[in-house]
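You will see two complexes here that share subunit A, one where it goes with subunit B and one where it goes with subunit C.
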Partner chain A sequence: MKNRKKATPWLYSLPAFLLIGIVIVFPILYTAYISLTNMNLYHWNDFHLIGLENYKRALLKADSGFLSAIGTTLLWTAVNMGVQLFLAYFIALGLNAEGLKLKRVYKTLLMFPWAMPAYVSILLWKVCMFNSEFGLLNKVVTALGGTKLNYLSENVPAFLACTVLNLWMALPFMIMMIDGALQSIDASLYESAMMEGAGFWQKSIFITLPCIRPIIAPSAIMTAFTTFKQFDIIYLLTKQKGSLTGASIQTIITYAHENAFVSNNYGLSSAVSILIFGIIILFSVFTNRGLKEENS
Partner chain B sequence: MRKRKIRQALSLISLNTVFLALCFITLVPVLYAFLLSVSDGSSAFAGGGGPRSFTLENYRRIITEEPFLLWLKNSVVLSLGTMVLAMGFATTASYAFSRYRFKGRMKILFLLVLLNAFPQILSMFAIFRLFKTFGLLDSNAGLMIVYAGSMCIFSIWNLKGYFDTIPMEIEEASKIDGASDFTMLVKIVLPLARPAIIVTGVMVLIFVWNEYLFATTFLLNGDKYTLAGGLYQLQANDYSRSWSLFTAAAVLVSIPILIIFFCIQKYMVSGLTAGGVKG
Partner chain C sequence: MKREICKILCGCMIAGLMAGCGEEPKEKQTDSSVKKEASEVKTADKKESAGETNIKIWHDGDESIMDTMEKDVNEMLEEEGIRVSFEKKAALTDQLKLYGTDEVNGPDMYFYAHDSLGMLAEMGILAPLSDILDTASLNGDLNEMTLEAVTYKDTQYMVPVYFETLLFLYNKGLWEGDVPDSTDELYAYMETHTDTEAGTYGVLNQHSTAYNVAPFINGFGGCIIDKEGNPGLNLPETIEAVAYNQKFAALQADGDYNTVTTLFNEGKASAIIGGPWLLSGIKDAGIDLGMKSLSEFTLPNGKALAPYSGVQGVGVLKHSAGAKKDAVEKVLSALASEKVGVDLVVNNNCASANEKVYHNSDVAANEMVLTMKKTADTAEPMPNIPQMSVMWGPAEGFLAAVNKSNEDVSQAAEDFQKEAVTAISDIQ
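Now for the complex of A and B:
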């Protein structure tokens, strides 16, 4: 009887663990194993262990492209998070302004991009906005008398295009988060600040920001991870199979994907995957500790 | 006093203008896509002015000339199947983690978060090889396993977080009445946890509905394609001809998701953050 009781939770969890074992644990272990071999197009079945060669190649040889991909990823995450938090803060403040009667309407409309299926949004932007022949952006540009621009053919414009699209897709969530956090602030804090004659910036720096920081920190960190791991936007806009646009932005995720599915460098791709896994775990431990300290 | 009122009114007007502009900018891509979908292809892409004549021709063509209904059926089967599989497994597991205290409980919960850090895209290659060995490529069952497994950790954490908030006393009372563990789970805990189960289930549903990468990599046969896979293909094919079709398909695919989203909108924020993990 007692043994049966002990086994019950495991029995309940067994199906889920089986699934997780197949889809998550096995791929990680297998990837770790392949990262130590020379598996590639020419050694699809007769690959053998080569030690840490792949890791050396990724980390020590500048021409492997991994180090610059890390740089691009960090820049991408920093730019997106910075702009996103900044814009979302002011938009949420605006939404909470006294006397704004249409607040609910604005909120619903601004939520729209969040509700759209992500791949549909990306493809719609690619086809309807950025396309150099038929896209709306170039229609506006030519209507204003400019010459057609090619948004996705070079790295810098393509990076900006990806950033704009990412902002469009990710801002709604951040706005709602900050909006929720703003409503939890005690109004009496502002009243006493008004009495002291504090202006907008002083209220922001000394009341609003410190109050909302602990509330939005978890979702901001979550968004930072999603941005860091962002694949769809860059892949669908610039490097779809058969329709490369010319830009060669490479974040670490697209780098790993390309080495596996385009250039068939499975060993290298696996090594990079394990490195990415390590980086993400390191970040999570780091941010978790930060969050805990802030709360205590 | 009056001066202040005028100033306040002026700032409200300018704030409203800013928000109207903001909403407009937000909706422009969607509105433009919609306009393209209801105008005939030749005038829409002719340049110069915008779309001119109103027509539902693109919608008729996407439904009758492309295998849209087949894709729709595949998507519905796949997403419902995945939802049942993932929710069935995750509910029992999260119940165990919420209600029983056993050795290694916290360690496993922590390990699950850690495992979740591995980006799903990077495991595609390993799963591809595994499925090739076991003949699971190009099958709905294979994709269901992948999708359910990918959403399992998220679902377990999310549901466990909610189960933890349901007081144990209710269950203890029914235990005295002689109910077994399983009947208790089905008859008492599940109805109480309905909001969490709905939100988690819908998240799984939306995830599968929107997934294109595994669908296009693992399904080699065109007539197994889901909406996401089909749409991706439509867009990747020869473009100027199929673009107006593509925008019509995009509108059709997005509508159910938009409806679901705005129905559960108020749970969205809390539903996503309660568990603290997201893909």
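Now for the complex of A and C:
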């Protein structure tokens, strides 16, 4: 009877476990299996196990750029998250300012970049903003008497261009989260603070930020993950096949794509994928631990 | 009662999950998403049982070109009881990797550019043509360059049908004087007819796209990759060609495909180096178009520009070479025929691989096709070895580093040569 009671919840959960197993666990395990084989162009149907050879090759690649790709990815994530949180906070404060008219219109307009498909946004920015002949930026520069610039041909300007575009696409979500969090703060806290003579910065530091932190922390972590594994912006702006811009920015995902996935070497590509998967799991463990400590 | 219902629901969900794993008999396939396809298959099956053989050819090209071939071949083979259908598949090589050995869901043949031939042959999914027909009699009328393109490791795997090369296309309304015969004169023309700040250009080219710079690299005697699969980015001849191209690039906008074609179609450039695929856009823009073969331009070393040629042809999947050998043989012969070649020229401006076609009066009046035919004299087929698939990245990285980031040519050549060597070793 006791055993039956124990088994019942598992039985009810079985379909969900099966679904998760088929959709999530099986592909990961199969990728791990392929990573241990020599499946490539020359061994398409007759591949066999070769141990950790692919991992050795993938890690040896660290000498030729994998580590710098990790560095760029961390920089990319830190810069984007920092600027994003800073800007989103002040824009959300502005949207919540007393007496601001047409608030809803502004909020709706701010949602557009987030609602647009990323592929469309990126190519629109590439052609309409950054293109040296037809882009708005160069139209303004030449109208002011300057010479045309190529914004995507060197690493630093290209990194900044990618950051600006990422902020344009990602800010609406963060603004929406902070906006919602701001509205949950009890107004009496501000009234008491004002009576004590607190200014804008004191109210922000001692009331607003501590109050909204628990609400925005999960969305900040989610956004950090999205930013960490960002591929589309950097690839489509600077590395699109047939229209390379000259910049050589590599995050770990673009690096993996360039070095493993175009080679038709599925064993090696799978090994690189599993390594990236491991890095993301580690990243996730650390952030979750941080979140737990903060909550406790 | 609740518990029983829960158990039944759990059972139903598990059964539902597993339902997809089952294999239904063909006659019961009623999936709504593939309803049309299924009905076509059923019709085909019925006909097949009535003595008609169906040949399915996958392609990733222009539908109108495939329509021309499908119509011609079906007319020619009607009495033989053979019916050919062309089906468009995006990312065809990826599809062939998945379905290349699948006799039921995969194609019998495929129609594609020759440069992925080595990759597919190494995967072991293609049948050598000699297993199906007498290649000597089939090849009699076919152009040498196109035959070289469809041969991998001394084995012919495809029947070449038509080919494409880059051309010098100019706007007769904007071009001043005669079109020069040397690249140095062309550069002199560009210098006097380009104002980058005003956005007007003499001659445009995708200066950082390997396919578009190949005429210079090949003409100088360099290469992107040699026939043995060794990358040639740091060869002195390649470096010389890229350095020579660099000064042209400075007068050719950013070299992006969309930018250069838009500038030409908007009348902001007198000429462009491009392929026949630009023609419809140019026609729509109402430009009075003139053209010249790239092989008519000489480089400072006295040799002609030597663009890559892309040969479009048809290959046979191994399983069809056994099961439908006779039908496949007839389809291959029909696709290589003069009739298909002439119709492709007349209807689609495609330069046929069949030499006999060029004796036809309608073909002789087609300037674009004749210009491409002329270019075939110096054109080199794109390498069809598997290593080529990973060379585009390093080659274009090299060109972009030189033309867009102003890196030193020799240093960039060494850097990207190393990248190319690594990419090639990664294939194996």
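The rule is simple: the second predicted complex is superposed on the first by the 221 of 296 C-alpha atoms of A that agree within 3 Å, B and C clash if a C-alpha of one lies under 4 Å from a C-alpha of the other, contacts with A are read in each partner's own complex, and residues count from 1 in each chain.
As a convention for this text, a residue touches a chain if its C-beta (ideal position, glycine included) is under 8 Å from a C-beta of that chain, and two chains touch if they have at least 3 such contacts.
Remember, predicted model here, so these are calculated numbers, not experimental data.
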First, second, both or neither for A:S248, with subunit B first and subunit C second: second
Touched partner set for A:L19, first subunit B, second subunit C, both or neither: both
First, second, both or neither for A:P218, with subunit B first and subunit C second: first
Which of subunit B and subunit C A:G199 touches, first, second, both or neither: neither
Touching partner for A:P113 - first (subunit B), second (subunit C), both, neither: first
Partner chain in contact with A:E154 - subunit B first, subunit C second, else both or neither: second
Touching partner for A:F134 - first (subunit B), second (subunit C), both, neither: both
Partner chain(s) touched by A:W168 [first = subunit B, second = subunit C, both, neither]: first
Most subunit A residues touched (candidates subunit B, subunit C): B
Which of subunit B and subunit C A:V262 touches, first, second, both or neither: second
Footprint overlap on subunit A, where subunit B in one structure and subunit C in the other make contact: 8, 12, 15, 19, 22, 127, 133-134, 142, 241-243, 260
Residue ranges of subunit A touching subunit C (in the complex, touch as defined): 8, 11-12, 14-15, 18-19, 22, 40-42, 44-45, 57, 61, 64, 127, 131-134, 142, 147-148, 150, 153-154, 241-248, 258-260, 262-265, 268
Touching residues on subunit C, where the partner in the complex is subunit A: 3, 6-7, 10, 13-14, 17, 97, 101, 119, 122-125, 196-197, 199, 206, 208-209, 253-254, 256-259, 262-263, 386, 389-390, 392-393, 396-397, 399-401, 403-405, 422-423, 426-428
Parts of subunit A lying in touch with subunit B, wherever the complex brings them together: 6, 8-10, 12-13, 15-17, 19-20, 22-28, 30-31, 34, 91, 94-95, 97, 99-100, 102, 106, 108-121, 123-129, 133-134, 136, 139, 142, 168, 176-177, 180, 218-219, 222, 226, 229, 231-232, 240-243, 253, 256-257, 260-261, 266, 269-270, 273, 276-277, 280-281, 284
Residues of subunit B that touch subunit A when the two form their complex: 8, 12, 15-16, 18-19, 22-23, 26-30, 32-33, 36, 44-45, 47, 50, 85-86, 88-90, 92-93, 95-97, 99-100, 102, 105, 112-119, 121-127, 129-130, 145-146, 148-150, 152-153, 156, 181, 206, 209-210, 212-213, 217, 228, 231-232, 235-236, 239-240, 243, 246-247, 250, 253-254, 257-258, 261-262, 265, 268-269, 273, 276, 278-279
